[in-house]
Amino acid sequence: METKYISQGGMAQWFESIIASGKRVYAPVNSRGQVDFKLVKNLSEVADDYIQTTQSIKASVYPKAEVLFTYEKDHGKVNLSDFDPETIPETVLWKVHPCDAAGFKPLSAIFNWDSADKLHNAHLVKTSVISFSCAKADQSCFCTSVNGSPGNTAGSDIQLTVLPDGGAIAEILTPKGEALVALLPPVFEAERGDKKEQYLVDLPARFSLEEVNAKLNKAFNSTVWKEQSERCIGCGACAFVCPTCACFDIQEDVHGSKGRRIRCWDACGFALFTLHTSGHNPREHQSQRWRQRILHKFSYMPDRLSVVGCTGCGRCSRACPVDMNILEHITSIAKQ
Amino acid sequence: MKKLRDRVAALLDEGAVSLVIGYEEGTKRPRPLFCRNSESSGKLIFDSRCFHNLAVYVTKKELVGKERFAVTAPISTLRSILQLYVENQLSEEKLLVLTVDLNGELREFVTFEEISAYVAQFEMKRGEREQEILSKIEGMTREERWKFWMGEMSHCFKCYACRSACPLCYCTKCVVEVNRPQWINPWPSPISNMEWHVNRAMHMVGRCTACGACGDACPVGIPIDLITRKMMEDLAPEFGYIPGQPAKQGNALSSWKLDDREQFIR
Amino acid sequence: MSEKNTYLPYLMTIDKVIKEAPGVKTYRLKFQDESEAAAFDFQAGQFGEYSAFGEGESTFCIASSPTRKGYIECTFRDTGRVTSGMASLEEGSTMGFRGPYGNVFPLDEWKGKNLVFIAGGIALPPMRCVIWNALDLRENFKDITIIYGAKSVNDLVYKEELKEWADRPDVRMVTTVDPGGQTADWTGEVGFVPTIVETVAPSAENTIAIVCGPPIMIKFTFPVLEKLGFTDSQVYTTLENRMKCGVGKCGRCNVGKLYICKDGPVFSKAELNFIPAEEY
Amino acid sequence: MSSSTEFEPKIIAFVCNWCTYAGADLTGTSRLKYATNVKIVRFPCTGRIDFLLLLKSFAQGADGVIVSGCHPNDCHYTSGNFHARRRWIAFRTVLDLMGVDIRRIQYSWVSAAEGSKWADLVNNTVADIRALGPYAEYQKVAEYLEKEGFDEEA
């Protein structure tokens, strides 16, 4: 790991050289009143004044819908063609928030905890993350309560901390980051002794993970789930904007004798998610599904995968049509 | 506000109702509140910011239980309640409806006839946002509309917040969950997203009360509420109903007239 | 480095179709690729994801015994999109299979013990695997009792095998149908499985009971076994929840902390005490 | 005289069993010639024709769709076609709003006695669709799956 300084002009040149290298670059773009990651060609397209993109960067390593393999039926026989990792292009994610980059760890923990997930890993290998530390936050943000921080470098290949002069402190964190620097080394100047912490938003922790975890261990039969979930309308908005939610469905797309098997996003909040063919549903009520969401992130994942399933990005709270605020709910569980 | 809180507390204390669905202050804006005892009635609010359509909860059996309950309803919620009543989803015996009228007076509706009379005073008008986007769309060529909507549809990730937020989407099994045949692909892709939204609009013909809950719920900001709103506006004169008021002669697609338009039929 | 795609199934040929009961069929599947067949191994209790190409995947246990090499069998009821797609296939057609997944019945630990198998309805297939496994290694176990019940005579699956087991001198076989489900020539018992277990009253001494059936049957059979003196570590069952991936990722089948696809499907009653019963 | 490069429209016709299907049958038994571009799908009644089938046809490569049944007051089930007509009005409205090319869906009443009307309907529709060209706009989008992970700009 190495720390450098990059000037505002240098950053623009470097961005151009990344584009020129042929890699796909995704960055937050403000369009239709929303800021979201989009394919960009110019730095001028990148959004400036916002707290958080609506969607996370999850889709870069876990697409909304992806072909697992294709097949062709031929007189009772079937020919399979496997997913080819070579089809995944090199991708650079520009201006990722630390809470998003931190989401790669829990996501990969789910996909690889037992057997390796070829598709997810293929995306991961081809994806480089250039994160920008956070100088701003809103009342939905709580990364500091879930092992994160506005300057957390986990999951980033390079982290930039923007300075008042428009330049930035550049922390080069991984070989992938070094490879990006190597596209235009001269713009990375010797560091000037800037203190990164000075430029980060101050975000006090709101609860202690250990405390929450301890409370949740005994909370399965608590009435809190019913109380908190009464207004939940059971959509999948929270899960789909979440950087770590990984529940999926496997479906078939058929056209005549040809077909493809598709993995697509699903959500534990949907009523039919766990429905058996027999009609029996182990998570029949919204309260049970809300409990699953919280326990999975804050109890099951820490216990089994040694990683908390929440990065404190606050997206679910912002996206929820009925104001199911995760920070509010977790804080109230911690206080019980 | 005090009148409303006092009345709700009294209703709950008397046991006249077991639950009152209303609004409380939320973290961003007012949100639904479920009062089951008179203490929680102190949290109740009711003002112009309360536009979440609470009618979405009144058909949820596990929530409202078997006993009589009440709902504090702004105009959009009242319209949906009427439509649900027309569709035999509600009964007067089970539901008490409260609202605060334009003069700040608390009103109680015991019968749906009373709600109907009250709602009839309010004309359905496009708001600023609706007018802005719809007039833009109305000015487009067909090709431009296709491009516009396909662009919008490419953002949909099928979280079904639109369906969940809609008081009139109360089917226990939605068409998207039918897999024999698989009418609509479960994964998001522009075409299957469009099929879903066209399907939703078709199921809403003559039923949608243009409350805007679907568009408001959409986390990726697709103005889906305008699809059903435009349908309502365009088809109301054709099918003979008044926008925002339930059709007296039955739902638009379950009835017909001998002289329905047919110049497009060869 | 070429990682294996977990979701890519083995191609299997339907070698044999057996009609078990109305809507219920057993398929014997053989690997199309010989090297895959040679490398394949599984143990009693494990399951897999079966593909009907064009319809999708469905989860079933492997119903044949690991002692019978060269093929696997699955038994399914035609109820949904995938199973009806499977049911329309014929001998010689191609299916897909991913697996084996999940944990196993600890047959090694059960050496020298009596075994009581208790199954209901369409839950016999997971049991059939371990029954044949035990019968093929008969000398390893003492008394073997099989109690099997279904709604009606028509709904009993593996009719030929039920006869075969009944005819064996080294197996005590009790077959029952729910009251009203019997036919005129029915010679077995009439009554619900838990009641029959109580009358058959297997001794708990040095015995393992394996229970598999619909939730309601399990709910009423456990107390009967407890009354007969079975401790929680003497009773085993296999659980089923909806699954898509089979490998602990898709998020459907967990019961509390445990994934049925990874930590199960086989659980002892002692293990069940630590997971919330409402989630299965 | 058609050259190999000339566009041959693919047209799916959804017809009711009692009138239009019988009408199309009459066209054949009357030895009337008509374009071969149409594939007929028979339904019990126009009231049974789900609007999603029309969209599915386009997604699967159809360039045009014909929907046809009994004339008003002639429905075998009394009012199936009246219900269908209402649904078509609504469907046209929503499709037009979405920017779907509604000129590619031809609705018609063809009775069991109108063999020549069926031939004319098909011939005219084929000519109309031929003039409009392939419905590539729709078919292109229909093939698209979210491969890229993120939404591409249109």
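Per-chain numbering from 1; labels A, B, C and D assigned in written order.
Operating definition for what follows: a residue touches a chain if its C-beta (ideal position, glycine included) is under 8 Å from a C-beta of that chain, and two chains touch if they have at least 3 such contacts.
Please read these numbers as outputs of a predicted model, since none were measured by experiment.
Student: Using the stated contact rule, I'd like to know whether B-D or B-C comes out ahead in C-beta pair count.
Tutor: So, comparing the two chain pairs, more contacts are at B-D.
Student: Farthest from chain A in C-alpha centre terms, which chain would that be?
Tutor: The most remote chain is D.
Student: Taking each chain's centre as the mean position of its Cα atoms, how many Å separate chain A from chain D?
Tutor: From the centre of chain A to the centre of chain D is 45 Å.
Student: How many Å are there between the centre of chain B and the centre of chain D, using C-alpha atoms for each centre?
Tutor: The computed centroid separation for chain B versus chain D comes out at 33 Å.
Student: I'd like the Å distance between the centres of chain B and chain C, where a centre is the mean of that chain's Cα atoms.
Tutor: Distance between chain centres, rounded to whole Å: 48 Å.
Student: Give, as an integer number of Å, the spacing between the C-alpha centres of chain C and chain A.
Tutor: Here chain A and chain C have centroids separated by 39 Å.
Student: If I count partner chains per residue in chain D, which residues reach a count of at least 2?
Tutor: Touching at least two other chains: 145-146, 151-153.
Student: Show the residues in chain B shared as contacts by 2 or more other chains, in ascending order.
Tutor: Where chain B meets two or more other chains at a single residue, that happens at 155, 187-189.
Student: Which chain C residues sit where two or more other chains touch them?
Tutor: If we look for residues of chain C contacting two or more partner chains, we find 80.
Student: Along chain A, where are the residues that touch chain C in the complex?
Tutor: Interface residues on chain A, with respect to chain C: 68-69, 71, 73, 76-78, 80, 82-83, 110-111, 113-119, 121, 220-221, 246-252, 254, 259, 261, 263, 266, 268, 273-278, 280, 282-283, 288, 292, 295-296, 299-300, 303-304.
Student: Would you tell me which residues of chain B are touching chain C in their complex?
Tutor: Residue positions touching the partner: 179-180, 182.
Student: Would you tell me which residues of chain B are touching chain A in their complex?
Tutor: 26-29, 31-34, 52, 56-57, 62-63, 152, 155, 157-161, 163-165, 173, 177, 185-189, 213, 216-217, 219-221
Student: In their shared complex, at which residues does chain A touch chain B?
Tutor: Within the complex, chain A touches chain B at residues 32-34, 36, 54-55, 64-65, 139-140, 230-231, 233-237, 239-241, 249, 251, 253, 262, 264-265, 267, 270, 272, 285-286, 317-319, 321-323, 325, 328.
Student: Which residues of chain C touch chain B in the complex?
Tutor: My answer: residues 80-81, 84.
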